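Letters A, B, C, D and E name the chains as they come in the text, with residue numbers starting at 1 for each one.
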Amino acid sequence: MAIGLTHYLVIGAILFSLGLYSVLTRRNAISILMGVELILNSSNINYVAFSHFSSGNVEGQVYAIFVIMLAAAEAAVGLAIVLAIFQIFHTIDVEAAETLKE
Amino acid sequence: MDIATALFYLVAIITVGSAAVVAFSRNIIYSAFSLMGTFAGVAGIYVFLGADFVAAVQLLIYVGGILVLILFAVMLTHRITDVEITNRAAGRIPALLAIGIFIFLLVQTIRETSWAKAKEILYAPTTARIGDLFLENYLLPFELASLVLLAALIGAVVLSRKELRE
Amino acid sequence: MDLGNLESLKFFYPEIVLSGTILLLILFDLFIRNKRWLGLMAFLGCILSLVTTFQLYGMSPGWLFHHMIILDNFSLFFKVVSLLAALLVVWMSLGCREIREIHQGEYYTILLTSALGMFFMASSSNLLMAYLSLELVSITSYILTGFLPHNRRSTEAALKYLIYGGVASGTMIYGMSWIFGMTGSLDYARISEALFQGQTNHLALFMAFIFILAGFGYKIVFVPFHMWSPDVYQGAPTPITAFLSVGSNAAGTAILMRFFFPAVSRLGEGGDWLFISGVEWPHFLLMVSMVTMTLGNLCALNQQNLKRLLAYSGIAHAGYILMGLVVLNNDGLKAMLFYIVVYLIMNLGAFLVVVIVANETGKEEIGDYRGLAWRGAAIPAVCMAIFLFSLTGLPPLAGFVGKFFLFAAVIKQGFYLLAVVGIINSVISLYYYAGVVKTMFLDFPEPTDPQVTMTANTSALLGVLSTLTVLFGIYWGPLVHSLH
Amino acid sequence: MDQPIQTDYLRWIVLLPLLGAATNGLLGAQLQKRFGKGLISTIAIAPVLGSFLLSVRALFDLVALQPEQRFLIDRLYTWITTGSLNVDVAFWIDPLSAVMILVVTGIGGLIHIYSIGYMHDDNSYWRFFTFLNLFTFAMLLLVTGDNLLLVFVGWEGVGLCSYALIGFWYQDHVNTTAGNKAFIVNRVGDFGFILGIFLIFWTLDHQGHGTVSFREIQKFASLLKNQEIWGGGVATLATLFLFVGATGKSAQIPLYVWLPDAMQGPTPVSALIHAATMVTAGVYMIARLHFLYSMAPLTLEVVAVIGVATALFAATIALTQNDIKRVLAYSTISQLGYMFLGAGVAAYGAAIFHLMTHAFFKACLFLGSGSVIHAMGGEQDMGKMGGLRSAMPYTFWTFAISVLAIAGTPLTGGFFSKDEILWQAFSSAHGSPLLWSLGVVGAGLTAFYMFRQLFLVFFGNSRADHHTQEHLHESPKVMTVPLVILAIGSIAAGWIGLPEVFGGSQFAEWLEPVFGKPHEMAASEGPELLLMICSVAVAAVGFFIAYLMYYRGALAPERFSSLAGGALYRLFYNKYYVDEIYQAIFVRGTLLLARTGAWIDQHIIDFIVDGSAKTTAYISWFNGLFDNYVIDGIVNALANITFWAGGKFRKVQTGNINSYLYVILGAVVLAIIVRLRYSS
Amino acid sequence: MTDNVLSWMTFFPVAGMVVVLLLPHDRHSLIRWVSALATLPPLLLAIWLYANFDRTSSGLQFVEKAPWIPTYNIQYFIGVDGISISMVLLTALLSFLCIFASWGIDKGVKGYFALFLLLDTGMMGVFVALDFFLFYIFWEVMLLPMYFLIGIWGGPRREYAAIKFFLYTLFGSVLMLLAILALYFASEPHTFDMTQLIAQSGKYGTSALAMWPFDRWGWGFQHVVWMALFIGFAIKIPAFPFHTWLPDAHVEAPTAISVILAGVLLKMGTYGILRINYPMLPAATADLAYYFLGALGTWNIIYGALCAMAQKDLKKLVAYSSVSHMGYVMLGMASFTPQGINGAVLQMFNHGTITGMLFLLVGVIYDRAHHRDIDGFGGLAAIMPVYTGVTAVAFFASMGLPGLSGFISEVLVLLGAWQKYVILSILGASGVILIAGYLLWTIQRVYLGPVNEKYKSLPEINGRELFTLVPLGIIVIILGVYPHAILDLLRSSLDQLNQIVIPHLS
């Protein structure tokens, strides 16, 4: 069977789900952020794959590049926040950081 | 199975496998390091898709930037030996269940959907075309992205600045 | 009109002014000692930008920067709303003690950047632009939320917001990638073309929309993407809460409409929008709207913290605003827009009172408002009552007119169930709003409760907002007219 | 019927007493303080006398007219005009109302005068005269009103004044309770009355002649004849409704219960309201609407039966009472029963005649008893009286004459009028020997208890305590003069209404334009005489037994009271327990309903209202719970992880990001699945 | 000024409110006098209006019309006809008197009078508004001041009472809002103009809605809208079972507010039904009036009277008597006879004056004794004779004693109802007995009987209090003797109203 669009999309889907799984189960903020990165990567695979198979131009690739850039920005901010949290709470377990409540 | 196909599956397995380690590992250091595998694998996939520039960017930014950041964060916030505490996970079984259904739905839909078909599939180098696009059609997003990065920069500085006033 | 990069610039003044202000702020931050000037600068920048925005009004619609953004009255409207929100929040921040203690230079920079992001959210005509602008707003929002140094709640809220936003936007771009895969394009117009021509798979489309909605929905704060908002609203500095509650909501609505109207629908005869077959938006949105307003209101009933209460009420209001989307015609659209303006005014007003009280007492619990009217703060209490009753939708206040138009649009299309649910929700909401009013007026203060006074600055803003709330309740003709 | 003659002085007959009432009512307290009681009584009595004089003038005006034209009217203004309803404020005088206004103003005037003496020591003097005047006004309105609604105003007005005067000494709970009872029982009657008005109006209105004016009703009465409602004739039903009103006002079964209690008021009040005037309003009303009643034989029968039943019933109670005024009260009820008997056999003239004579002798009796009570220092128990004859000659003689009159002693007023009624009860088309014989029995009872009273009070030895005996005195002139006049009236009034046997009744002739010709029974002089002798004989028996029992002491009263094991006596003495029964059924029943209503309001309706609020609150609470606990709970429980989060941090389950994300994922999956199900 | 007399009447109090707000808050007596001055012109104008009202015309008079929000066809459209003129009079009078009844307020004086004046404008506006939207605005404008007036200046359970009142009324008014919108879209061109809506009343369909459960009841558009409006108004009336806010609100509200509440606000319910339900939805009115106005009204009469009888609190008793008396209004309205409907509106006016008196009287005694427990008094007649005399007038008027105003309206109502619903009329008439029962019982317990030593030194009613009561008392008597003073105003308009509905009666 030739490697086609579906293969890439399935890889993307699996990455997406794994990312979601991390986000759902992890208590560690950094781990959750890693899950988010997985999600972003999964959609990037989609974009590049579609760019290749569907649109026939590089628009999808451009999109992927922007996603990567923004992922970097988000990671920077995210990790800054995580560090701030760590300074205050001395842990980055999201369950512990729960001053906010009803 | 030709080489290319075999290579593809190899890359795919690396990608998915290390992603699985990221998701399932009980040690955050393992997670963080396997993330590198994923990123690299994804870069490989980009190469398969003829997106050389994107692959390069992926390696540069993800592996060279983001991953390093993450590792720094991990180091800063954990004693490495502290395995159990650092990467607790909760609700695995329901999560697995939900994710299972979800993945099933996704894959089913992917298989049944008639995606758009490109007129021709190109395998030309893309760097130049992407560069053109950035300066022409995608100038505004490009500028905007720089703004995002600027804001993120400032934000990261502000947020992580140690300032104990209490 | 479809312009390239350079030609576009002359229709780009508002953004340019705003970006210029941002850069100047960064620059002056280095030199200026009295940081209050920075606030004033931001304020002036907003006004200038507002002026330039108004100059663009009434232009024939067109695309700028190679189909990246669209310039029409709709986007201009939201630019005005975002600017107003930013403007008023800057003004509010000037009178806020919380803000005076932090890095004001960065604060105003990020705030204006966020406003700029909202500009693009309202005008993007491209999936990439949509994502970028959304991210711009999101990232700045995370920063603003976590701006209070060494403040547990603030930082924690920021973390939650970040994780939540990250997942939401990740999901969104995954959905967008599917759209891209189905149509081979990122541009809304071409997407619409492709979708209406091709044999699309409805299920894939539906799932893609759902994913995308996760991204938009968490900005608008509708159920089930609402859960971050109470925590974030409670934790963020109050002016930022105000900004998020109105700006982010408005921009989210804008991007939603931007996406759904041009991308997946067509204007049919008689002003009704036709959707791609197989996508049951009215029913879906109907459910979301009803659930959102009901859940928001019900949860608000039990709140003790005023900011949290306003967060839940904001969720309910998102539900009301969605009512206008359900009917999918221009009536509903106009009603939504009107409501957004009105909501902006009254909600900011309510938060302003929170700021005023917190300035003196440092507290936000409803119990701390005990007998506010008798603690030297009769005017803020009265204004708060006006805002809260306006939020309830009592005439002759602006909120009533807003709800009136929404209900009118809904009833006209025969969505009686939605109207009835909306009405019942209004009554429920009265209960908790009136509870706050009760605490302020009907309870009497303990001797230990501190006196509350206002500065000239806050009282001027309060006067403006409450006057507008009453004014739009009595004479809203011009405002409605401007929406046409 | 000819057009009535418009006059402009009739209004003053009615309004003068109102003027007096208004003056005293608004300024009385001040005037009394400043100028003394003399001014008050002058203000009160002058208008009544004025009314009396005007009434006399009206009488002469009427006399001057042809019998068919004896009809004066004074129309003031239009009161209510709505749709087809048109009500004037107009007063009219025809021979019937002429009799009534003369009785009201004449006897009323005397009672006013009498009150000067009787009430002399009371501080609320002005208030008393205010109400007395107001009452006179209302009563005059009642008898001169030209339409049913206006009459109803008077009808309720007299009720109000009666209420106010019964409870005049309001500091005593018993008095005010009696007042309440009178008012409420009367209201029950009024309820029937007003329904009667409605029925008449609408029935006529359907024929295009909606009206409440008496003359108009009479004109269109024939239209009512064949109308039916609820399977009965409208005339019958309407008259029955109105009769309910009459039973209330005129204290007939079943609504008589208030009258005995009404004796709590000052005695002049009892004389004026509860003997001479107000209580006769029902009789007047029936006479006024005789044309309707004549159309409704069934109603007439009911009226007659109730009348005679009341007459007997009240008389039996009166046999055993010891309170001087209560005896008179029951006697009044009984006598009113006779009047209704008369009206019930369509002998309206006879009823009115008895009304008039009764007004004299009963007023005299009441005032006499008032004089006695006055002398006895407020004592009302006949068991503590006796032998007053010598101490109070005027009182005694006038009282005795009145007793003779009421007992139907020949040649007194009561004799003529009562026999007229009994004769009609026997001979009229609506009458029957049974009615007559019951009436005669009643007459016998009347004679017995009245003489019993006379003997107990005025004869024998005094049973009063020493102190009272010493203070015994005849009442002042201002009280005795009215007594004398009334006593004379008791005798004389009868002579204007002689029976056919003795030359025919002037009174009947006078009323002829109103009621039409009396029945042509002239041929049967023999029976009339015979019946007359019969009734006199029965009355004589009554007198004789009373004489034996209470004068001679030859017959111990106990011998009667222990008849049938004393049960009968107890039954009479306790007034057949009617009060107790009413109390149990109506008063308690209503109160029970009231409490039930209030309970429902507080507990059920409010429960529902509060409940819906609570439900909402509960749902919201549950919602929060759901947010906070269930989702997290599922997550945590299924994962079975250890809840440990470092010693220094509070373990809180809210605000959990993971669970938030769960919700979203769940919602998304759910939405997709739902979508799948629908599309497939 | 004569051109805009209604606007002046409506907005003068708000102008007064602004002045009051500008006054320093510790100048109590100045604030009171300014408030009195602010309510006086409307009263004088109302009298002028009364004198110049054309009684022969059934149409609208003193009309003012100006576009307001042209895009939605919303107008500033006010005017009076026979239905509203009496209510305008009543409002002007009671507002003025209640300022004096509020003289004793000493907490938050400024706020109190400011809110009171705002309330005044709202009330006046409701009665003169002829644009549905305007009507709704004014309707709601009353809500807030009322909430605060009860909630801040009320009795011990004021919060509960205020929020209960608020929620109830709001629930009703939002239903009304839906109905208003439904009518707006049903009209062509879309309009809020009441006269237009009435003119188009034939257009609104009556065929059954294909929606459960309306299809089973045979209800059409008209019926559903009618019902929505009715519930909104029934809460104000208050009709059973929407009445439970009333006792609480009345008991807790300060005296003057009780007077306004009972005297004016309750009338809005029945006024609204006459003004809106009747002419705009005549077919539904014809179908539903029997059940929801006639039968429910009768039930109100009896139920209210029974509940009143069981009360121990004097004010609560008066409150329930309002429930009972408003039942007459409903019954009369439902009869569609000239007598019934005229009687109903007259009863609205009379109830306003009589209940106004009653609440003022309760206030007088409460101010002195600081409680309202019926059984806690006794023998007040001897201590306060003048007060008792005035009370007697009010009580007997409330009882419907002939010669006083209540009688005329009750008789007209019952007479009118008789033609249509004999049984209801009889039941309603029997209510008169109950009313007499509890009122007499109350008089006996409070005013008569031996003097209660505790209250031996209570001061007699003072001049200011008399000033608030006497005008009402005089009106009560005048209207009993000469009801045409009001009836003449009503006749033409109400007859015309009847003519709209009657053709739809089957």
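Assume a residue touches a chain if its C-beta (ideal position, glycine included) is under 8 Å from a C-beta of that chain, and two chains touch if they have at least 3 such contacts.
Quick caveat, the model's predicted, so the values are computed rather than measured.
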Other chains in touch with both chain B and chain C: A, D
Distance in touch steps, counted as few as possible, from chain B out to chain E: 2
Chain whose Cα centroid lies at the greatest distance from that of chain C: D
Chain located farthest away, centre of chain A as origin (C-alpha): D
Identifier of the chain whose CA centre is least distant from the whole-structure CA centre: E
Averaged-CA centre spacing for the pair chain E and chain C, given as whole angstrom: 43
Separation of chain B from chain D, taking each centre as the mean of its C-alpha atoms, in whole Å: 101
Euclidean distance of C-alpha centroids - chain A vs chain D, Å: 95
Separation of mean Cα positions, chain D and chain C [Å, integer]: 76
Of all residues in chain C, the ones touching two or more other chains: 128, 132, 135, 139, 142-143, 146, 150, 155, 158, 160, 163, 167, 178, 181-182, 184, 203, 207, 231, 302, 431
Sites on chain D at which at least two other chains make contact: 613, 624, 627, 639, 655, 657-658, 661-662, 665-666, 672
Residues within chain B bordering two or more other chains: 88-92, 95, 98, 102, 105-106, 110, 115-116, 118, 138, 141, 145, 148, 151-152, 155, 157, 159
Touch relationships between chains, expressed as pairs: A-B, A-C, A-D, B-C, B-D, C-D, C-E, D-E
Chain B partner contacts - residues on chain D that touch it in the complex: 634-636, 638-639, 641, 658, 662, 665-666, 669, 672-673
In the complex, chain B residues that touch chain A: 4-5, 8, 12, 15-16, 19-20, 22-23, 28, 31-32, 35, 38-39, 42, 45-46, 48-51, 53-54, 57-58, 61-62, 65-66, 69-70, 72-74, 76-77, 85-92, 95-96, 98-99, 102-103, 106-107, 110-111, 115-122, 126, 129-130, 133-134, 138, 141, 145, 148-149, 151-153, 155-157, 159-160, 162
Chain B residues touching chain C - in the complex, by the definition given at the top: 105-106, 109-110, 112-116, 118, 136-141, 144-145, 147-148, 150-152, 154-155, 157-159, 161, 163-166
Contact footprint of chain D on chain B as seen in their complex: 88-95, 98, 101-102, 105
Sites on chain D touched by chain A in the complex: 624, 627-628, 639, 645-646, 649-650, 652-658, 661-662, 665
